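In the part that follows, the structures are each spelled out as structure tokens.
What follows is a pair of complexes built around chain A, which joins chain B in one and chain C in the other.
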Partner chain A sequence: MNGPGTNGAAERAPEGWRDLSRFIPWLLGFCVLLVLPWLAVNPYQNYLLNVILINVILAVGLNIVKGFAGQVTVGHIALAAIGAYTSAILSVKFGLPFWLALPAATLVTGLAGALVGIPAFRLEGAYLALATLGLAESVRIFISATDYVGASIGFSDIPPPMLAGKPLGSHIAYYYVVMPVALVGIYLSFCILRSDIGRAFKALREDSLAAAAAGINVRKYKLLAFVISAFYAGCAGSLTAHMSPGFLNPNSYTITEMVTLLLMVVLGGIGHIWGGVIGAVLVTIINDLTVDFYQYRLAIFGMIIVLTVLYMPRGIGGVIDRHFATKRFIALRKAKASVNA
Partner chain B sequence: MLEVTNLSKRFGGLVAVANVDLSVRQGEIRGIIGPNGSGKSTLFNLISSVYKPEPGSRIAFDGEDITGRPPHDIARRGIARTFQLLRIFTQMSVLENLLIGHHSHVRYGVGAAVVGAARVWAEERRLKQEMMDLLGFVGLADYAEMAAGELSIGQRRLLALGRAMAMRPKLLMLDEPAAGLSPVNVDKLLNTVMALQKRFGLTLVIIEHILKVVMESCDTVTVLDHGEKIAEGPPAAIKDDHRVIEAYLGKEMADAEVRAFLKAS
Partner chain C sequence: MKSASFRASYVLASALLLAAGVPSAPAAAADDVIRIGVTLRMIVENGLKYGQMTKDELEAVNATGGINGKKIEVTLLDDECKPDRGIANVNRFIHQHKVHLVLGSTCSSVSIPMVDVVTKEEVPQIIPHSTNTSITQKGSPWVFRTSVSERFYSAVHAKYLAENVGKKVAYLYTTDGAAISFAKDYMGYMERTYKVEPIYTAQMQETDLDFRSHLLKIKSLNPDVLAIGGQLDAIARITQQSYEVGIPSKVRRVAASAASNAPVPELAGNAAVGLTFAAAFSCKDERPVAQQFVKMVQDKYKVRCPDHDFSQAYETAQIVKLALSRAKLSLTDAALAQDRRAIRDALATIKDYSGLASGPINFCADPTPQCRDGNRTGILVEYTKGGKDYDMRVLARVSFEADFGLAK
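Moving on, here comes the complex of A and B:
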């Protein structure tokens, strides 16, 4: 066999290659996404594409706290509102460029996420949902009653990002701001959730007592889940604020929007990263197609959530996973049978 | 190594554990027995800080006072435990269950994990390899990728043991590790526990109802009844202790009858 020296070198080479090769699918995805907006037939579809990507960021973030860490929060939409309004205030009232307002808003929302997470130390399940719902509604009502941010009339004239002195006001230009952010967001969530942190989140979801006995600091990881998901919400919020026409209204952050967000995660697959992405894409498109029936939207979405939970508890992502797991199992069986024969 | 003094716990009017003193030496195998509801599991829950003891209780480990420290801190200090109802993570894979146990020994921080640094991936590979070795030791290597919920009860008990071992503990507390197993599997589990104990120089505290386990493997046995310690000593002496027999079989049986009963069984 190999000597120790050659063996070590042989092992190191494929490892380095493996580290690099895990970027290849991401690069391919990036290339596909680069040309995507040119396939859109009208500016409205470009706008829709941006909305889809922003919703993907929101859903991926919500999936971290709800899907992986199992914390039932309905406050995510309020975090998006905080991100959006912070970014708007920073750029309009303080003249900060978009490129600084975005990270600042993300950070501020992260802090707000920590506040939303504190009730989770003691509350679980439906009680936590109620507490976070209370927080979310108070944020929305506070915004609609504060003249400084335009109250219920809305916050307008939020500038688009500037690049080399030119505003990225068109939807197609803005796409090239949103798309990399969304892609990086998905990639980072992969890194987080495939690491020990993701495992700790899953352990919390299943049995926080057993997790604590295994040395997991339950409070730290609950808070971490809330803060990370708040970063996503803040980033998505800021991106909404600066998208043309640069207008924010507290009514886009109601319980209806929260249910829509939950639907993305539930339909896509709780605790399934790609599921959350698929869910966000599908629900945004459904949302757009059913715009004429918007007064029935809550009923439709509620029904889809109930049906999904009843017949597809792990969502679309879960169904896909199961399909591949079954295929692998059958292949394994066949291989074993052929060995025996 | 473990020094418990004057430990008490009340649930409302019920005294679950009353003024228990317990001292476990390094490398010792300690058995804890007692009738149902005598406070054995509560004792474990107090030591691992699932419950808060009454004021005046003191738990020290390695010379440090750990009374009332949070559970994850107790685990980090090297006290691992299993649960009577196992509490394995049924939706996670067998390997992931062990990796959770190894959580305290992961050598990268949140920041590195978030950006997916190369050393995180290298460390993950190392962790997986180490946990696979441990899985091989408890005899579950073939099931590594399987969801823990799909295991049989005997395999689940081995997994619970493996998860506790993944914590690299100094003190391992097993709460009825062999409950509900067939005699063959009891032997298998016991052999695994003893092999692990020897290999890692563990200190063991075992709650067990199967007397064979206690009599054959423990150095010292502590007997609890109604939350109080009623006897302590080597297994042979405990077997003949009057109060112990009384606690298990009741007062009505005369001593001679008890002796006859024990001889017959």
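Moving on, here comes the complex of A and C:
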């Protein structure tokens, strides 16, 4: 589990301490994030933090299926819609509390993810993209035409989570619901991607035939990538549904939102472990900063995509990786030179 | 992994810190200025123009010293007819710009969640365009509407057409909110008032291009009225295709209020002749106040025939200025909540406001649709010429009681 260059003291340290030390950065990160909303100047920034964190969950999930397993999907936004509406239905129509609706919606979306994954057995590349696009549009159209979920007018009055009888309706209170979920989501993505499953995903991405020849069950891992990614989408969807003012509308799950989501992953770095996080944070901030230039916003986003693909095909994560790889290479060369000398 | 995750944890933390810090620039709101946040759907035909007109109209008072000596500062944003964007805009207005009043939005699906936000934060909101009946039924004491509610619109054409054309109606509509509302309210009125069932109903997708299979079935049923619900391109397409399949011109084509937008007669061409719709304003209104407005829009915004999106945005701006002139405002940061309440109370005093709207606009203090659906008069308009040089005439003007269309 250790990265290159970290094999000295840590490997000599006792097993228990190594296990514990692995969590220290996460705990420190958690502590920093814990105080973050108190640094915000106004509640709008807390609202923005919640949106960023929900986008982080969505993008990290998409990065698993797209970046690591190499499956070209444009149906991820539909999975978020399924999670959001499932959670809303469970809360509003069946009176389930948020704390049960969230895991239930995540599970239901996981099942939907399995359905999305089935076409991936036979399809690849542009064909798979088309199939998942069809599914995404079907979900949106189904919601638009279903009165039970508010059709195209929208699903209102979705309650916020309750804790000890008090609603967590304010943006700052809701942050403490979203933030731990996002952090756990990122941590789990690390665990998955550094495990055998993650290595199987990467093998699939590089060459599915070679992966099959090496004994990897291609169908199983393709399906697993879609299901895991759907868990993330469902969880993000549920968190969106219960965020104040508790309103859902199918217009929030169109192809435009899917492209924005893809931009997060592409800009952050496809296949880079932190790509989804970096991309989600940056794109949400850019989105917010350009809100006053509404005439040019779409052009700005289009330009970012084109420039990223042209000059940073591996995204910001790729640039960071290359920087550290170069540094390590130079250090190694220097070390070898000094040994030779 | 340790060093990578260490680095990465702080990438996330610092990026989030950046997110919290960077967009916070306008947090310090200036005293002694009335701040208004305007959010509308603007990336549509003429949308940027009516958005700009609303801003210009509100800020026009600054040239003459402001309202009671106080300047108006308008922040104008586009919500793209997307609820999440509308929610973000209204949160930004309230918490970052510390506005005294929110004006918007165009789409009902955006205005509905905005109502929940302004109610929670206790900020007055005035809605210029959205027509969905449920907006004022939420019972918010902070919300006012100058546009004509769907509960009135549906009855304008239903009543006129049932009495003057016929009661055999075929409905063809798309899945967007306004179209569904148009068709269902029309059907409901016909059923309640005349005990008449629709002879045909079909719902299509917003993105559908070919409606001819439905139209052929409708033709065989020989209806008196073809009711078309949809956004402007769908209305133009269905109208045109209805002639292609041979539905005779004696069958009255009636459409949702989106038919008032210029692209409908332009796209439909000659097929637009006879197409009827309910609206709040027509550029063919001969009253001097209306013609003066039409000339102003033509000269300043280069729009030949301003539709009711323009007139309602203009009207709303005038009503806001009138209310602001009546409100006693301190305009300090400490008195923000008190000023917001004063503006809300001043809006509730608007009585018999007569301007561009088809009838007088009235508000009152109760948070009920009777008090907050200000405009209760719709007009029925018919296109008399299609194409680029389209023309129209007003067929009827119908006013309703305040509690019309509400459950007893």
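Just so we're on the same page, the second predicted complex is superposed on the first by the 318 of 341 C-alpha atoms of A that agree within 3 Å, B and C clash if a C-alpha of one lies under 4 Å from a C-alpha of the other, contacts with A are read in each partner's own complex, and residues count from 1 in each chain.
Criterion: a contact is a pair of C-beta atoms (placed from the backbone, for glycine too) under 8 Å apart; a residue touches a chain by one contact, two chains touch by 3 or more.
This one's a predicted model, so the numbers in the text were calculated from it and none came from an experiment.
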item	value
Which superposed partner A:152 touches (first chain B, second chain C, both, neither)	second
Touching partner for A:190 - first (chain B), second (chain C), both, neither	both
Touching partner for A:288 - first (chain B), second (chain C), both, neither	second
First, second, both or neither for A:246, with chain B first and chain C second	second
Contact breadth on chain A, by residue count: chain C or chain B	C
Chain B/chain C common contact set on chain A	22, 190, 194
Residue ranges of chain A in contact with chain C within the complex	1-3, 5-6, 10, 21-22, 25-26, 28-29, 32-33, 36-37, 39-45, 47-49, 51-53, 56, 141, 144-145, 151-154, 156-157, 169, 171, 186, 190, 194, 244-249, 251-252, 273-274, 277-278, 281-282, 284-285, 288-289, 291-292, 294-295
In the complex with chain B, residue positions of chain A that touch it	15, 18-19, 22, 187-188, 190-192, 194-197, 199-200, 202-203, 206-207, 209-218, 224, 228
Residue numbers on chain B that touch chain A, as the complex places them	48, 50, 70-72, 75-76, 80-81, 83, 87-92, 96, 99-101, 103-104, 106, 108, 110, 113-116, 118, 120-122, 124-125, 127, 163, 167
Sites on chain C touched by chain A in the complex	1-6, 8-13, 15-24, 27, 42-43, 48, 77-78, 80-84, 87-89, 91-92, 94-96, 108-109, 112-113, 116-117, 120, 132, 134, 175-177, 180-181, 203, 205-206
